[in-house]
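Below are two complexes that have subunit A in common, paired first with subunit B and then with subunit C.
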Partner chain A sequence: MRSFLRSTRFRRGSWLVIVALVVVALVRNGVDERPTTNEDRVRSIASTMKCPVCRSQSVADSDVAAARAIRVEIARRVGAGESDDQIRDAIADTYGEGVQLTPRAGGLAGLVWILPVVAVVVALAALSAAFARWRRTSPTSATEADRALVDDALQHR
Partner chain B sequence: MSTEAPAAEVAEAAERAGSPRISLIAAAVLAVVVALLVAVLASSDPQTERQTQSPLLGRLAPPTEGRTLDGQEVSIDDYRGRWVFVNFFASWCIPCQTEHRQLRAFDEAHRRSGDAALVGVTYDNDTDEARAFFEERGGEWPVIDDPTNSIGVAYGVARVPETFVIAPDGTVVHRFPGEVTRKQLDEVIQLYEERAA
Partner chain C sequence: MNSVLGTSGVVLGVTASLLGVVTLAVGLRRGRADLLRTGWSYSLLVLLGAIVSVVAMQRALITRDFSVAFVHDHGSSRTPPLFNVATMWSALEGSILLWALILAGFTVHIARKFRQRLSDPLVGWALLTMLVVCAFFFLLMLGPANPFTSVTVPAGYDGPGPNPLLQEHILMAVHPPMLYLGYVGFTVPFAFAVAALATGRLGEGWLIETRRATLMAWGFLTIGIILGAWWSYEVLGWGGYWGWDPVENASLLPWITGTAYLHSVMVQERRGMLRVWNLSLLCATFSLTILGTFLTRSGVLESVHAFSDSDIGAWLLTFFGLTVAVTLGLIGWRGDRLRSPGRIDSPLSREGAFLANNVLFAGFAFVVLLGTVFPLLAEVVQDRPVTVGPPYFDRMTIPIGIALLFLMAVAPVLPWRKASSELLSQRLVWPAWGGALTLFAVVTIGARGLAPILAFGLAGFAGGAALRQVALATRRQGWRGLVGRTNGGMIVHLGVVIVAVAIAASGSYVTESEARYAPGETRVVGGHEITYLGTREVQERNRLATKVSVRVDGGKVYEPSLSQYPGFGSLIGTPSVKTGLQEDVFLSISRLPQQEGGEVTLRVIIEPLALWLWIGGGVMAFGTVLAAWPGKRRRPTDPTSAPVAEEDPEPPAAEPRRPEPVGVR
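Coming up: the complex of A and B.
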């Protein structure tokens, strides 16, 4: 059992399982769960817009006048057949980009998306390099000096 | 125990910890990431500027028309060629009650001179309550009843009172978040007329 756990096959299998889990998590997160009714759409869009006078509340969650007014406007535009992006753009057009809870992918704000990915990639690369170095420099078996050190320690216990 | 053995262990540990080159690269990457994040944050407007700014500034005013509290149809296009002040208010809003006297003074002065017009728009306000507000406090300017707040959303109104200044050519030139005084409204006309001269 111990030899199996140390085997290359087991290690490769473990990495494959980890990669598969990450892929499944990413794909599942990316699956578009489309709202089925207009009310669901209004709620879904409102949950991506920031209430302009609240702290950390979406338009969907807040009951202040501005949030209610924006919800009514979203519902009107949903009824008029506009797409989700068109509606978000229209609201941001009057309230400013700050009303979007999800930053846009383009422009300087796009760095918000890119930087964490860069940080993770750099961290993984650094860890891989460090592990490789440690593996190269780690002794595979105890040297005579190691044995002498242990014997010495045992004698003086 | 000899002192050579620990020294060798320290040297080996240092070897395992990696070369200074990797540490330098990691530090450089971290510095770049932090610098970019600071750049993103520094490029956004400060809170004080956001309060007076509006995406509408410099653009044509959104459609501002509807039925007034006394049943007349009105549009700000009717006032093209004059300065128009679009004031969003609600009868329950204390600053709106406070600024009402200032608005009356401004409206009376400019109604005579004919260079500027004031147009009110209700925001999150019951029609009867808004009407009672004017009956009690006076005021001759037209007030558009906007029960769905659609005009307020078109202007990006976050909280009342808010007043938008529209130049004679129909462009939104200024936004006053909060209570205004007659003096502020007069000054803004003077400011933009001097700039245009």
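Coming up: the complex of A and C.
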């Protein structure tokens, strides 16, 4: 039994089963997404709007009257069949751009989305450049002077 | 009296640290060992100053000496004793005092630890750096954050007490000291980094000297952050524990760079590479603690214009700028000695994985920093306010978190230099089983959503990899397979896995309801029976609390409340939580009954696995202790490949024999 668990055959089979399990699980997750109810939509929209009188809570999390009023407004618009973006824009028109917890993609605020992507690209480019450089240089070998240094260090510890 | 005592403590602290800086600088410049050895006395004097000030402050708080401005503004005769002690760190001036005390403590610790080597320039420079930081914090207390300003008070005056939110839970007494131990602890490796740069001794020696200090600082910071999240869960009634608030981000930023450093330092110890990077990470960690204090204490985030109201902002920003400029200058100056001849052979290796880890952590820190300061920058450039809130942070950090979980699964099994696919397949097969079965199981029991199920699956994978390491190590070494950096690190990884699962579950599968309850009415929320029993008013020493009794699942009665603190306008809500291993039932009051026997509006939130966040945090802390556990460690300078001589059956008593390396010459 033990030797079977360590055999190459078992391992190959294992990887096949593992991949199959992962694929089945991911497909099943993708196929039956739960239907979103209107309440889910209200909550998800409300969680992207800042409560205008709180320090840093969203409309969904806050209990103050202003937040409750916005929640009612969102629910009314969801009931009327407006899209998420339409509703967000309408609320932002009433209460100011500052209530959007997620900055919009355009304009100066768009930088907050773009800069991290730029940073990742730069980091990856730098890394691949480093690997390319390492590949070109051959590993350094110790010189006589290096050996003498090590001998000396070992003697005088 | 208390004012005078406290101020004299601060003056002693300032004088001792400044004199210490000058003496050590002269000693270093002239190479005078006698001057360098005075570092010990100076650090003791600084600590003495800090202790005198803290005693004076506590005495003022306990005796309600309202002639001290800090007590006048934040103390009260109604505050219960424990919170009265904690009042010291409930506001700016007192928390700077706590910072100074901890910093002085660390300085003495370092001076004591290296008392045999005080004349060594490396230690001299490190102590000098720590004393400079001490001097800065003591000067803050003479200047813009003076805790001992005296005021004249009318007879019969009573103060308002600390912010009510801070009087609600015992965690507030513990969380700030833990956080500060972490923040301030990072001063130690920073000081040694500066010392290494200044002396030019950039070998790996200083890393090894500060290894345990760094680990402990990181551990305290971890505990501090987790306790902060716990406090916010138990006290702020919105059912969450992390809101990407600037205060929270300020504690997370040094944690991220510190974590990156703990990993990449291993590449330097092993391969002598990434020297500039590691120095930069340490300096970044220290600077971020200062920047975080600036962001949260200067009021700059409420509005750019609030910045000019207090001087402390300018002080902190200047110190931050100086730190960055000095360290960058030092690194540039030593650039030629920092280059290393090594190379990384393959991305598929331990060092390659550490590199990937560092790219991810650096990206993580960048996103959090950008999101925190962006509203500020936008307000400076344009006049319209821009809000960067939780949805932004969630969207940016969840992919990073998932990638880190994947790396946590693969990296521990990777060998140094280069891995073959055969080796990977062999070592990863059991962890992969763990991951695949977890993923399959959670989907089968009905979990949906790509991010959370990926988090569960990868948590299974990473947990499997960590358990595999622990199992192999304990089989080889017995209980010693649990201690030491690598093995303890795996326990920390297990803690991280638990935390990740808890975050994914409690963040994604919340059931929430807000409804009105008549007395005696029962509603079912997420499978739990919630019964409203009644409302009563309780006059406590420091507040008037209205408590709402709610029976959960026909069992114990829970009492969320709304309290009125004298001197504070709005009502403070306190939630009540039924904690369980599977899920928490979180109760808070939205609206009290308008008349006797009326309906109450209750908010009920069912949060799965929330308890595991705190458990995971505990496991991380425990793992950190194991990782720092002193063991029979090989001297890092000993050659690993050379065989050592046999132990003599009767070793001579006089001098312990050093094993003679053979086969090197």
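Keep in mind that, in the parts below, the second predicted complex is superposed on the first by the 103 of 157 C-alpha atoms of A that agree within 3 Å, B and C clash if a C-alpha of one lies under 4 Å from a C-alpha of the other, contacts with A are read in each partner's own complex, and residues count from 1 in each chain.
Criterion: a contact is a pair of C-beta atoms (placed from the backbone, for glycine too) under 8 Å apart; a residue touches a chain by one contact, two chains touch by 3 or more.
Since the structure is predicted, the reported quantities are computational estimates derived from the model, not experimental observations.
Enquirer: Should A:Ala69 be classified as contacting the first partner (subunit B), the second (subunit C), both, or neither?
Expert: first
Enquirer: Look at A:Leu101 in the shared chain and tell me whether it touches subunit B only, subunit C only, both, or neither; answer first, second, both or neither.
Expert: After superposing on A, A:Leu101 lies in contact with subunit C but is clear of subunit B.
Enquirer: Once the shared chain is lined up, is A:Trp134 touching subunit B (first), subunit C (second), both, or neither of them?
Expert: both
Enquirer: Which of the two partners, first being subunit B and second being subunit C, lies in contact with A:Leu149: first, second, both, or neither?
Expert: Only subunit B is touched by A:Leu149; subunit C is not.
Enquirer: A:Ala119 contacts which: subunit B (first), subunit C (second), both, neither?
Expert: In the superposition, A:Ala119 touches subunit B and subunit C alike.
Enquirer: Between subunit B (first) and subunit C (second), which does A:Val53 come into contact with in this model arrangement: first, second, both, or neither?
Expert: First partner only.
Enquirer: More residues of subunit A are touched by which partner: subunit B or subunit C?
Expert: Tallying touched residues of subunit A, the top partner is C.
Enquirer: So which bits of subunit A does subunit B touch that subunit C touches too?
Expert: In subunit A, residues 96, 98, 108-109, 111-112, 115, 119, 130, 134, 137 are touched by subunit B and also by subunit C.
Enquirer: Given the complex with subunit A, which residues does subunit B contribute to the contact?
Expert: 1, 5, 12, 15-16, 18, 22, 26, 29, 33, 36-37, 39-40, 43, 50, 53-56, 62, 90, 123-124, 148-150, 152-160
Enquirer: Looking at the complex, which residues from subunit A come into contact with subunit B?
Expert: By the definition above, subunit A touches subunit B via 52-53, 64-66, 68-70, 72-73, 76, 91-96, 98, 108-109, 111-112, 115, 118-119, 122, 126, 129-130, 133-134, 137-138, 145, 149, 152.
Enquirer: Spell out the residues on subunit C that touch subunit A in their complex, using ranges where they run on.
Expert: 237-240, 243-246, 341, 343-345, 347, 355, 359, 362-363, 366-367, 370-371, 374, 378, 381-382, 384-392, 395-396, 425-426, 429, 432-433, 435-437, 439-440, 442-443, 448-450, 453, 457, 512, 573, 588, 590, 603, 637, 639, 658, 661, 664-665
Enquirer: Within their complex, state which residues of subunit A touch subunit C.
Expert: 11, 14-15, 17-19, 21-22, 24-26, 28-30, 32-34, 43, 47-48, 50, 55-58, 61-63, 96-103, 108-109, 111-112, 115-116, 119-120, 123-124, 127, 130-131, 134, 137, 139-140, 150-151, 153-154, 157
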